[in-house]
Amino acid sequence: MLTALLFCGAFTAVAKDRISKQTAECLECHSSTTTGIVKQWEKSAHWSSGVGCYECHKAEKTDADAMDHYGFTVAIIVSPRDCGQCHAKETAEQEASHHAKAGDILNTKDGILGQTVGGEPAVAVACRQCHGSIVKVNADGTLDTGTWPNTGIGRVNPDGSKGTCSACHTRHRFSKEQARQPETCGKCHLGPDHPQKEVYEESKHGILYRAFKDDMNMDKSKWVSGEDYFDAATCATCHMSATRNQGVTHDVGTRLSWDLRAPVSKRTANSPEKLKAMKDVCSSCHAGPFVDGFYKQLDEFVEFYNNKFAIPAREIRALLIKEGVLTKANFDDKIDWIYWELWHHEGRRARHGAAMSGPDYAWWHGIYEVAKHFYTELLPEAKEACEKAGKPEVYKQIIAKYIDGRKEHEWYTKGFDKKRIQEMKKYYQERYQQKVD
Amino acid sequence: MLTALLFCGAFTAVAKDRISKQTAECLECHSSTTTGIVKQWEKSAHWSSGVGCYECHKAEKTDADAMDHYGFTVAIIVSPRDCGQCHAKETAEQEASHHAKAGDILNTKDGILGQTVGGEPAVAVACRQCHGSIVKVNADGTLDTGTWPNTGIGRVNPDGSKGTCSACHTRHRFSKEQARQPETCGKCHLGPDHPQKEVYEESKHGILYRAFKDDMNMDKSKWVSGEDYFDAATCATCHMSATRNQGVTHDVGTRLSWDLRAPVSKRTANSPEKLKAMKDVCSSCHAGPFVDGFYKQLDEFVEFYNNKFAIPAREIRALLIKEGVLTKANFDDKIDWIYWELWHHEGRRARHGAAMSGPDYAWWHGIYEVAKHFYTELLPEAKEACEKAGKPEVYKQIIAKYIDGRKEHEWYTKGFDKKRIQEMKKYYQERYQQKVD
Amino acid sequence: MLTALLFCGAFTAVAKDRISKQTAECLECHSSTTTGIVKQWEKSAHWSSGVGCYECHKAEKTDADAMDHYGFTVAIIVSPRDCGQCHAKETAEQEASHHAKAGDILNTKDGILGQTVGGEPAVAVACRQCHGSIVKVNADGTLDTGTWPNTGIGRVNPDGSKGTCSACHTRHRFSKEQARQPETCGKCHLGPDHPQKEVYEESKHGILYRAFKDDMNMDKSKWVSGEDYFDAATCATCHMSATRNQGVTHDVGTRLSWDLRAPVSKRTANSPEKLKAMKDVCSSCHAGPFVDGFYKQLDEFVEFYNNKFAIPAREIRALLIKEGVLTKANFDDKIDWIYWELWHHEGRRARHGAAMSGPDYAWWHGIYEVAKHFYTELLPEAKEACEKAGKPEVYKQIIAKYIDGRKEHEWYTKGFDKKRIQEMKKYYQERYQQKVD
């Protein structure tokens, strides 16, 4: 114990030696004004490496967001470019990733839904908190509060760099363990339109993570699946972390062989290579036939979603627009909303549920909703719209092309198979003594 | 420490002696090809008992799914029959349970909704991942990927046995602690149609589990409530595990005195005995008046759900079919869908919320939705359907029989009590300085 | 180790000395009848202070709920007045809080929705389990099971006191750590109408809590943010617990400067003082510009919600009632339900999401739903209701006053900006090779 204390004291002293004079000055005030962040930092690898306040926050006078702070030239925002001074590989990977571009979708061309149907203040506290803002610097060097505080993963920084490392590596502890936790990804990857967090929690991977997290060496620098941990896969395991055959990457899309985001799913660019990288992760714990069988089921499911619902729904809406039944404008017809949620919410839930082994999301939150709304909203609404427009023949054309004669929609026009209904009723009677109507 | 190392080394040696020659051969490859599962197994009780790869996966040449694997005759699937060679009591209980029959509902007679409104590939990745598939063996002895990978709890195995132990006891660590965790049950018992996991998390039981899990000796072989742990009840505690007065059981229905699954709830067979078994669990921590009071509230709630909503809704739909207002076919009328979700989704949420002490599920996700859809969808839709069918008298008959003169529906025809509305407005004004419309 | 055992033995002996003769008699039976609660109590600070069964449950013969129990006069319910004998400050704060009044809303004047659209048995298992019941004592001194078991936070006790300490400090361990956990608050603060638990879990605070809970000294008596813990804020941190500048309080509303509960939000009484108290909490970890920027974004968001949606929606409904298009009665017109959920469910989700940094709740569960229902349900339904009532001019008046000429609703009448749509399509083509309709 005495040894431990001595060692501890010695280590602190060494670390203190390493702390720059400037950082020591920062700490003079900040140890009492914002104690929390100082104490977080004292637990970080930065602390033991002597990387302190000044090393990260120092700025050049010419920097857009430079400000004088008690004689020091500093900036509030530490951008990936700043982090990249030490973490060059990670920053480069991050810059090449979809994550770094997440702000574009809101700030440059899209975000129309949020900004018009919603409004600017909603975009600030909602969309941009995940996607990232374009941080504006006021004339006096302070940050514009419409665009900051913001740690969205695609933030466009005053230095022009894109992204923010602290979106995942939360300041000021910058813990590897925390960054690897599924909850970290769940900051943004959740909810009605991409419930990856919820799907993960339902999956065996999530169940095992909850059970065995403490055995998983989450804080190790070297964190190779099947070697340093083996009880569960986290988001990081599959999408970023090392296996015995491949290194860690901060470009999160490199193992994704399907685009499950789009209205109609298609393979990503270089998908065979990406699929191979992902299967390599799976094989830390799963044998070949399991992995191949899993992907066969997934592929067939995605094709099924595309062909039974997504493509017909898209084409039906396009036809209604072409024939003048609907306007070309977005979100001004009921069908615009139905179609939008069908693919953007329900169809994604279905596909993510299937891809990440969350059966409840694949079915009840997914295909069940897709199917229900396809049959009970999209088609009836199309019919009504055609009738109102005085063009009932357009609806007949739709039914002829997309429904009649297609085996998978037979129940809709001819009803459920009567023999199976009888069997089902008998089954309920026998098992549950329940009369089913 | 030296002693510890010596002991550890000795123990390993003993265990190695126990490992069969066949398993040792398996490990020669699998230690490097699928390291994860080998390391999981090394943490299992199987490892220390010398039960290895070969002991579980060995097969007879005549087995349907036997395959030659580098000179060994093995099968991928380890069925309850295989597990039962050592765990006979547990397997027998499991075989007698509803769990073992979960596949029937999909595979033999029901699953019509999933297979027709949805489709086969959705059933494979969704329904069957909880309920279980009928595993098909290809001519070459490999497993058909439409039916496997699958660990659904009612899986029908190539050897004819039903169920899969690893649905809960996840391979290859087979941890008691993990199997007892509520998250394990939450793989399937969640979502819009049976949110037991969500209800549990809201309940005091779930809150206390989260707070005190580390004190609960979750990994002990003997795990008696009130004796080995006492801070919280888990799913297993109430439905499976031992008390001071009864043993553990793998037949999960033996303590359920209400069927809260069906459209209209009724008592289960031998419900007094089952209720007694459950109350015995409660009494590990709750005194008699508490337990009796709890069940009185639950019973009154279930009767209320049955009588105010479930029975009238069922009878109204039946009458509409009988009178030719609706077709007999399923899911082709709006009311089919309304009625279906009313009992299968909302009504279950209400009942499960009440039964497991999750007030938010009993009300907002439950009765609030039931009531809202009964009054604002089922009745108006019935009215419209009767009018469209030229039979407005059928709706009058419905109102006369189910609504008029029934105290509990008085507000619907006569409006809220005016005096109470005035009092309520005054209350909001006084407490919140808020004008309520 | 020997010393530890000796000390332990000694301590037990001392504690046993402290246990009253009466409590010792209680334990004679209850150690074997309700072992769980006795063991919980043995882990409590009450045990080590010699506060046992009798000290809390003893009653005067004249108490409304006094009962004779094997020669002792005791009561089942331990009310805040009982707890206040030792914990006077906490009880006084609690009595002054909104928490203590939570039962009023159901029991005295409101709760109309629950009691009429729902029904008494639903109120018992649902509403009152959070809000609290008025506990009734039967003629024989037992508690009326319609009103008990109940640990709702605003329970009206037989002694006239309001509240129940065990709503949060769960009996019989009464753990500080457990009471401080966000899950404890999540017993009631969750769900469609006030998803504080879900928002917290999405937020950085919740993510960090999950990562670092074990480092947070949750069981310390003195628990000052930035001093005794600094990794994350919990519900308690912001709303109740001590900072270096202010003490702990059991009056949970003292730091809330906005009323985000009402249909239209306004500042609370003495809001500057309350805001100052909350910003003091923030500043344990966040510097001034961050905190000010956060509140600027929140304030703008709340004003935006009020002005774009909440006030117009309220006034439109009021106008429809005034003009005789809708009845004055509640919940008998579609618009009653639309307006109710717009503010009570969706609008609260939006505001809570913004206030607690859960972007998904602010947008997808919040403003997206508010906006969607404002444009696609409230307005069309108002139009239809006016037409049905033969008063189309009322709808024209609504559009003229609330929609036309208002920049924020321009898209609704004129469509999305065509140039931006073109840019958006180009963007999707370039980034995703995706054609957007």
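So that you can tell them apart, the chains are marked A, B and C in the order they are listed, and the count of residues begins at 1 in each.
The rule we apply is simple: contacts are C-beta pairs under 8 Å (C-beta built on N, C-alpha and C of every residue); 3 or more make two chains touch, one makes a residue touch a chain.
Source: prediction; values computed, not measured.
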> Given a C-alpha superposition of chain B onto chain C, how large is the rotation in degrees, taken in steps of 5?
Replying inline: 120
> At the chain A/chain C interface, shared numbers over all numbers used: above half (same) or below half (different)?
Replying inline: different
> Distance from the CA centroid of chain A to that of chain C, rounded to the nearest Å?
Replying inline: 28
>> Could you pull out the residues of chain B that touch at least 2 other chains?
In response: none
> Residues of chain A touching chain B in their complex?
Replying inline: 201-204, 206-208, 210-212, 215, 225-227, 230-231, 244, 283-287, 289-290, 292-294, 296-298, 300-301, 303-304, 308, 350, 353-354, 357, 359-360, 362-368, 371-372, 375-376, 408, 410-412, 415-417, 420-421, 423-424, 426-428, 431-432, 434, 437
> Across the complex, what residues on chain A touch chain C?
Replying inline: 33-37, 39-40, 43, 76, 101, 104-105, 108-110, 112-114, 116-122, 124-130, 142-143, 145-146, 148-149, 151, 170, 173, 175, 177-178, 181, 183-184, 186-188, 190-193, 259, 261-263, 314, 317-318, 321, 327, 329-332, 334, 337
